[in-house]
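Chain nomenclature is as follows: A, B, C and D, assigned in order of appearance, with residue numbering initiated at 1 for each chain independently.
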């Protein structure tokens, strides 16, 4: 396939924004339905009391906090990856960055709702905010939940701007092509972008700064999420490995989510000529590295517990290794390592389909990992008399399903309003020097997937 | 200086009769949750008697251990609370401000002793059972963490009484409901800041141990370990 | 202003409030004029008596002002009144010295129970259908008078009154009422200790239960007696136990417990020695044998108690350790060791109660333990068993006549049939008060049919339970906190104790105190009945009794009878340490008893011994209606809101039974289903089950919950007494399927994984 | 659309644009009066070489410092103002304070960057500026803001010579 002219690209990439198929609307209705069901479930929980959920003594945290950690982790897909690639100036990143950053923003927003959902009295959630209240009470800075509050807000600001800034020129692009109401809307959101060299240059340097700033923020966010656990003297929680362990897991699940999202976009928005196998291959390699890193962390964690042989920790250890939680544990290992490793390691298997299969495994596996970090420890905390177990109720399951649906829903809506691939960045790929941008280089066995 | 309330539990005296458990329910307006919720781990017993078996039939030893909030000096439950609902009182108690609690349940996870109990639903007393409620103790609504207070309402009442009579509290003058009820006098309550109080003396004894003391929570409850029969010679 | 006006005004304002109150019913109720003035928020402590078990502990009731929905002259309204808020032990009371057991604390909920009978009821549906309609007290009493008036002159047994064992003036009134009506007063309780008191009256010339002076004992041997939980006077004994263990510097008594399972008491023992059910007598005599053989005590020291045991003077040849080992499963070495320890560590004491006395050879077991006590020289001594002195208050004699004993024999005893229906003639009128005959009688004895034979049944019960459901008329009693109480505990203190308590609070509902109703009836019936019961009210009768007591014993404790009476009210009774135990009377010579227990059901088809036991929370089942008791975890199993079947873990493995599985327990007389509790704390050939659950009819909290072990018991009786041998049944057990068991603690399978490196 | 008075040419590609730029400079138009717009950065071409000096990194740093200071003060103040001891921790606990300080530092940095961008890039403004939608179709605009009327024909010619596909003039 020959390189395309900038105008052709623009047309291709703006095409998804015009009109929507029946299939699209059905899917939208489907996911919307699930989200509404989840909202009802939450309403019921607020009305009837948190007791309608399955959490109990001593497992005071269950699905909700699992989802919290999982989604925050997923949010490390975009910003972190695209920031790193941006700094590394990897040209092939250009078609990938935006769909990644979108995942970040949505996953983060979804994850951030769970600390509220899981509250006993959610209507008082605002007591967490450090504002001068008439009660003269300030929140407790020493609580990791407060750290979460600050970290998540910073990360949210960072990732939202990181997503929005590069969107401005594309907004202008649509503005100039649109008519009527859409024109008005897009001229508002393109905030008077004209494309003067000054604007271009300031945008670039702003993105550079953002890229530098957002990486440490992303790392800190998931470290702090891990400290929600590591700060408590709970067997197998109270460990220094948690922060890097969580960050690694976060990036791991993030990349997986990105691959899945790209595959879906590629199929449904007909972006076969823009999201190429090379992108999946490169991300696949990244995923492989993370999979190995993840395994290394799990091994290190397990080893130290086993060797230390501290009774209360060993109880948790055996419960996950051979006891009642072992099926989930080994399923996790299969999903996170046994499946992805060969697929991604063997070049022949590292096709788009291969990468997607591996990624699906990883997403499931990482959710299980969060669950297995939280529940077994809580259910086997020191005094055997108060050991307990945990079963989620339909409320928790519905709300969990709802968040996945919400992710799909938001993503679909977004891809209908904004070009999911940054057009100007794609065009700006240095063609004149390096001939074709790698992104548009003809790659063998295109139909391999 | 402020009192430092502490307790000693003599496992050699405790017979696991659970008078303390019911006395605590009666004193502190702890609601019963019914069979279904109890089956789902929602029963609330601020003090419980843990039972452990050692060995197999016929050589079997049984051990009772009453467990209540240890009122730790370095309490893991306190700092994790984002709203200061759980905090440390001047008299060394792990206070729980009910109406400040938003129900993160973080404190309950952090507590190694599992002595914090959560109100999963609004409590109910079928009329006229509501008439049994103790007016000195507030009722906890849904979504709130509750826990043993060492019967702070009794402590305060005692202190006010003593202050009114312009005197210091006498040792043993104030007793939580559990201590008051204990038939074998296995539980002793008092001021640890007073080295001569009975509780201080017993806590210094060589049988004294702290529950999960290795975690560095500095509990203010001391357990006197079960003693063994020293044989005929002491007869 | 007239009270009526006041009420009308408040009613009006109440209506206004109702509009504001958005239909909150509290606002629609009228407000009554307070009957007493109390300071809000100020607590007063009033002495009372715990009536939940026969121990008779003295209590203090914390009363504070509150607003209650009450009925006054047939009108429901809100009244500012003194409300009981908490029950604690009365520190002044010699028995429980300020302490209380869990049941005692829960007594509060009897008064405030949502399912209390609030007003007299008349049966509308079939008997036992539990359908009643509300009637007035006048109508109710009219009915009863009508039933009792046309009484045949000397036809003994035409009328029966079944109560739990009563004491004090309450007993006097009931007895006098029954005698005057030529009826029978039957004292009935499943756990009534008639076998022990029987044996004691033989061995020591004292009926009734002993007071165990544990606080000074150095060596305690218990044969199955749950003396720290439910037996005899548990609070008093617990206080003593605490002192025995750690109360004396450098002096720690030892406690050895023989039983086939770990009861709450056994759990506290220094040594729990599993022994075959019913072999306690043999064990006691085995110990005695060693003591005699090794000349640790002279045979004569057993005195009267020894003479009851044949072969005593010969040194009990049949009870050599080897023989006892075969019978009881306790190794001879252990027997010899325990015997020596017991002899070397005087004062040492042996206790027997509960199951050992409820085997066919229960009387023998009790006699044997008595003999051992006598041999150890611990009868009537500090640190041993003592018999608290009787007081001359009418109706509180401890030493019961033979006739009286037979009256209060257990549910198995034929005398009850006689009493209820002499020969074949059923009683025309049957009165019931808190005696749950139907629940506490093995189904094999057809308690329902027994009851239904009666022509007319009236119950004074505060709750519709398995038995009062059959009543034609219900005249609800006050709750203990609402009524005058008196008691003369037979054990638990070395003092003479007569407890007295005025009402702690005004009645909530339209109820009347049972003695008052009897006195009212007596007046209406007139004639010899009125003569026999000269008092107008119960408290009048009590004052009369206390005047007697003052004249006989109380002279030095008060300047006149009135002061004596009022002092007794404020401190919760009268007690004195001056009284000396009466000298041991002559024992009644008794026929030879079979030392070995017999069990119903042959060992092949029913391989397991079935051992019911008193529940720490529900006692004999009479407390299953209290939510606090239902939710309090059982000390050993930590089970809440249910019952369970204890089964040894190895046995369970063989039968493929897992923790919580529903199992069927079948005897030759019936079967039941309950969840299995797999535990190492029971002998492999024993199945144990707590009393308490399995009520067919006992308020919203207990109805239809769990199974009742009594229902499958065999109607065998204890040799030498007529009482039910409730530990003498054999059963088979089989797994039914998955089940549900609600435990507060983690199930015993979830003990920590071993932390060996693997 | 442009409301200001200007004259500009639309060039097909960057090289043409470069020529146009040189032509204007030759015509002696002052740099600040030259108007350039494109739908791509074209950073490696001379016609985009406007001022490449920007204070943005420094602004971000300052913002970070300000944010960090606020964070530290907030953390410290709340701990002192609402002095409650928990878990035997000091009144002002360093680690939590450090964490909050750090997060708010980054917050400040990001925020100032965005604001700096909006201001320095003259974005989100009310005042209308000259513009031509043709840019969105890849054309590059080179022109002069309010030229002297005398110079107009001259400028138009030179733009055409440089290879402008069309030359437009706007007047207020």
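The criterion applied here is as follows: a contact is a pair of C-beta atoms (placed from the backbone, for glycine too) under 8 Å apart; a residue touches a chain by one contact, two chains touch by 3 or more.
What you see is a predicted model; the values in this text were computed from it and never measured.
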{"item": "Averaged-CA centre spacing for the pair subunit C and subunit B, given as whole angstrom", "value": "30"}
{"item": "Subunit A-subunit B separation of Cα centroids, rounded to whole Å", "value": "44"}
{"item": "Inter-centroid spacing, subunit C versus subunit A (mean Cα positions, whole Å)", "value": "66"}
{"item": "Sites on subunit C at which at least two other chains make contact", "value": "638, 745"}
{"item": "Per-residue overlap in subunit B, given as positions that touch at least 2 other chains", "value": "48, 50-51, 76, 79-81, 84"}
{"item": "Residues of subunit A touching at least two other chains", "value": "137, 139-140, 142, 146, 384-386, 388"}
{"item": "Overall pattern in which the protein chains touch one another (line/ring/star/complete/other)", "value": "other"}
{"item": "Pairs of chains, among all present, that meet the touch criterion", "value": "A-B, A-C, A-D, B-C, B-D"}
{"item": "Residues of subunit B touching subunit D in the complex", "value": "73-81, 84, 86-88, 218"}
{"item": "Residue ranges of subunit C in contact with subunit A within the complex", "value": "638, 745-746, 750-753, 755, 757"}
{"item": "Sites on subunit A touched by subunit B in the complex", "value": "48-51, 54-61, 115, 118-122, 124-125, 127-128, 137, 139-140, 142-146, 149, 228, 231-234, 378, 381-386, 388"}
{"item": "Touch list for subunit C against partner subunit B, complex", "value": "41, 64, 66, 68-69, 83-89, 96, 98-106, 108-109, 112-114, 218, 228-229, 234-235, 238-239, 241-242, 245-247, 250-252, 254, 262, 264-268, 270, 272-274, 341, 344-346, 508, 616-617, 627-633, 635-636, 638, 640-642, 648-650, 679-684, 700, 705, 740, 742, 744-745, 748"}
{"item": "List of subunit A residues in touch with subunit C within their complex", "value": "306, 309-312, 314-315, 318-319, 323, 380, 384-388"}
